[in-house]
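Per-chain numbering from 1; labels A, B and C assigned in written order.
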Amino acid sequence: MSERKTHESDRVVLSVDNLRIHYATPQGDVIAVSDISFELYEGETLGLVGESGCGKSTTAYGILQLVQPPGYIVHGSIQVDCTEVLHLEEEELRKFRWTGLSLIPQGAMNSLNPTMRVKDQIIDVIESHEGKQNDREALRERIFELFQNVGLPNRIYNMYPHELSGGMKQRVCIAMGVALHPTVVIADEATSALDVVVQRIVAQTLVKVKDEIGVSLIVIGHDMGLLAQIVDRIAVMYAGKMVEIAPVENVYANPLHPYTQLLIDSIPSIKERKPLKITEGITHDPRNPPSGCIFRLRCPFAWEHCADAEPPPFNVEDKHEVACHLYDEQFEERRTNALATLANP
Amino acid sequence: MADSSGSGGKPVADLDSRFSNLAPSSTGRKKTGRFNRFDNPLLNWKFLSGAGIFGFIFFLIFLGNQFWDTDLALAGSSPLNMPPVGFTNWRDQEGIPEHPLGTENSGRDMLALLIVGTPRTIGVGVIAASVGMGAGILLGFMAGFVGGIVDDVIRLMTDVVIPIPSLLVLIVIQSALQREMDLVTMALLISMFSWAAPTRYIRSQVLSMRESGYVQMAQLSGVPTRDIMYREMMPNLLPYLAASYIGNMTGAILQAVGLELLGLGPQRIPSLGVTIFFSIEAAALLRNMWWWWGIPTVILAVVFIALLLINLGLDEIANPRLRKAN
Amino acid sequence: MGSFSLNYLLRRLLVFFLTIWVAATLMFIIPRLAPGDPISAMIARMSQFEGFVENADLIIESWRKRFGLDDPLYVQYFRYLGNTLRLDLGYSMGNFPATVAELVGRALPWTIGLIGISTFIFFTVGNLCGALLAWYKSPKWLKVMIPITMSFTSVPPALLSLLLVYIFAFQIPIFPELNAYGRGMVPAFTLEFIGSVLYHGFLPSMSIVLATFGYWALGMRGMLVTIEGEDYMILAQAKGLKPFYILYRYMIRNAILPQMTALTLSLGLLINGSVLVEIMFTYNGMGSLIYASINTLDFGLIQGTAFILIVSSALAVLIIDLSYPLIDPRISLEGR
């Protein structure tokens, strides 16, 4: 495999600060995203992982201002190129969408309007942001170029979504997502509904297009193996909290948070058959999270202190942050012991 | 990072007390307003008000049967063309308390007519809808479950019957029979056409439900088909079936009223439709005898609106998305 | 697009011809189920009713010839089917020597016009109201007003017409209560005549529209609520499309398909209703024709009118069904 290009720029294109999203239910609010903060650099690919229900998709939809009721954003700040997304008026937001932030959706199967031709669904996004295109020939060429970028044949130009395969639909979504060269593209489980081979091809297409067009990308997924190959940095979420964020090599080689360790451990390996360490999902009531550390109920290393205080993000090495009390300097001894048990179970 | 709300100030020192987290919290109390306070689907206001109107109508009919002489619904039992109390007719006669809602031109008391006629009208609907629904459930489940040629034939039958304006066939039958028919016969004739819509509806529901995970699970684990139908699918279909039944009843009453308006209904003891037919025949509109056609019309309208409300309510009960949209 | 499969076409045609066959067969069987010789009984009742019947012998003759009552039943049946296919529906007993086909031919355009225009209005208005009810950007007052105008929904159109006649023809006489056009006018393509037709047709079509459009509004609203949760709606929002464009191109466009199906399913009921409305207004269409023939016990005319209306309904369903693939691109895939 060729050397992956990593981002060079230190310019922040997207910064999420203290974002909190709740879902209202009759029994009280479910905390889907709990005060998370992170930054995305220009040209970078950031992976957002975690088990189902950890809030990764909700985070994405929150950034896009698309949280569906009964969900709502409690507080936070989302800045794209210094534009505060949460303060945009309705019409400003409409114009900002797809030029500032675009989405490659989760269920590509149903994400295309079944009664519109593929071309019309790409044209409508172009025309609603750039006005009526009078040069139809140029418009067609532009769409063919997009098709070429994602490896789609020109013949699908006039087709309806139901005439395309799942992989093709997903590529149409990718072509659509980059059509206006947005600042940030968010791919929400863009490959989950596809079979393994197509998954890989689509993921590679995604990276290729991203590099060609030069956008910044957030990839949301749960397949650690697939993500490892396409992202620069990984953010790990658990129950609405961001527990660890680091360059991809660090996460795989040296996972710091006990949850990340479990996740990495759960990647299946052909060489050895090992029992799954993660045996249950998020166990606490999401309306009423435990005090202190969110992970302490499942954490093998938890002790009294974990219930008393919420761990702040500790900057362990360059660009490697982890929210776990083990990395507090005053608990160094405990950390050494914990890592020792991890090495010799 | 900010403190996580929801810890509720409850110190949890012991890690083993993880279950204490399941205790209800006080967070989010301000947002519960966006939900229907009565989350029980049966406490749907449309369903309840429709059922309430219906119950009230039956209560009034019951009272009427107890306290009013229903023989006054027969021709010649009362003075002719009397207006309701507080009004005058074209002959400047005042309404009299013996006939509070007035009388019509063959000497029937309007109040007695309503007490006798309303349950007859609703009764036709109940009989026709029940027979049609019974056939619809049987055929719909057969088509959806057996599939193959059975499904093809049943589907073809419904496709053929549904576009037929049934009132016209009923008119042909009624005028060929050349004699007055009783209420039950009329209801049974109407039900000849009221099976097709529920069959179609139930078939499509069964088909989509068959595809659903839990029914396929049951099939894989060897549960007999009959048990799947009655234990797994019926309970989920119930709100749909109820809505379909009410819709069917509306249709049947509509047909019956249609036949009666044409003078093809049982006329000795008039139902609401027949009363309106008589009033049109006697030019009650020209003579400004509004109570004659107006009161039965309003009662019918109320019955139809109540049925619609029940139907809409049941729709919302069956489809939670519609509920949320309110 | 437009290339719907042969399978689809054949199935629709099969349903169409089966419907006609069922209707014709019903018309053949029903009088034979009645006690006694249908024709003699009819004539007897007519004489009873009107004292005597003009040309009774001729009618009996024509009917005997038509039914060939002495032939075996299957011969009668096939002859009947043959006659019906040629639209030879016999003579009207009440209007002899006019044939049933003539009378029906004169009345049918009025009925088609009334139903056609009413359908156009309630389908458009209903779906529009439903869309506005479901759309998040509709003003609040609209969301209050529309349900109020829908309060006549589910009241039978015939009863509504009674109410409208009473109010707008008797109490506040601004509309005529009778006929499809002004008295003494001769049907012609003049502005005056067309104006008169529209004037006379207003209340009848209003009764149908007011009683039905609410159903379509509710149906549309229900469909849109379902569509709002679809993935492509979220993507449309993310794409930053203009709200009105999303409403008609993404929401209504996808919801109108099931609404069209619902329209084909409700055509029978619609015809039932409009027959009664015509009677209330003595509108010159099929409804009034059938009412007159019930009163004169003109059984041939009842049969013929009913048969032609059933055929019209089946034909309308066929036309909508065949235009369906033009609206829904997915249909063309069926059976390929």
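The rule we apply is simple: a contact is a pair of C-beta atoms (placed from the backbone, for glycine too) under 8 Å apart; a residue touches a chain by one contact, two chains touch by 3 or more.
All of these numbers come straight from a predicted model, not from anything done at the bench.
Visitor: Could you name the chain whose Cα mean is nearest to the mean of all protein Cα atoms here?
Guide: Answer by centroid distance: B.
Visitor: By mean C-alpha position, what chain is farthest away from subunit B?
Guide: The most distant chain relative to subunit B turns out to be A.
Visitor: Among the chains in this structure, which pair is joined by the largest number of C-beta pairs in contact?
Guide: B-C
Visitor: I'd like to verify one number: the distance from the centre of subunit A to the centre of subunit B, where each centre is the average of its C-alpha atoms, in whole angstrom.
Guide: 50
Visitor: Centroid from C-alpha atoms only, then distance subunit A to subunit C, rounded to Å. What do you get?
Guide: Using C-alpha averages as centres, the distance is 55 Å.
Visitor: Give, as an integer number of Å, the spacing between the C-alpha centres of subunit C and subunit B.
Guide: The answer is 24 Å.
Visitor: Give me the residues of subunit B that touch two or more other chains.
Guide: none
Visitor: Can you list the subunit C residues in contact with two or more other chains?
Guide: In subunit C, residues 229 touch at least two other chains, as defined above.
Visitor: Show which residues of subunit A lie in contact with subunit C when the two form their complex.
Guide: The contact residues of subunit A facing subunit C are 64, 66, 68, 93-99, 102-103, 105-107, 109-116, 124-125, 128-129, 160, 162-163, 173, 176.
Visitor: Give the list of subunit C residues in touch with subunit A in this complex.
Guide: Contact set of subunit C toward subunit A: 229-232, 234-243, 245, 249-250, 253-254, 257, 327-330, 333.
Visitor: Which residues of subunit C touch subunit B once you look at their complex with the stated criterion?
Guide: 14-15, 18-19, 22-23, 26-27, 30-31, 33-34, 38, 41, 45, 134, 151, 153-156, 158-159, 162-163, 165-166, 170, 177, 218, 221-222, 225-226, 229, 264-265, 267-269, 271-273, 275-276, 279-280, 290-291, 294-295, 297, 299, 302-303, 305-306, 309-310, 313-314, 316-317
Visitor: Within their complex, state which residues of subunit B touch subunit C.
Guide: The touching residues are 156, 159-169, 171-173, 175-178, 197, 200, 250-251, 254-255, 257-258, 261-264, 276, 280, 285-286, 288, 290, 293-294, 297, 300-301, 304-305, 307-308, 312, 315, 319, 321-322, 324-325.
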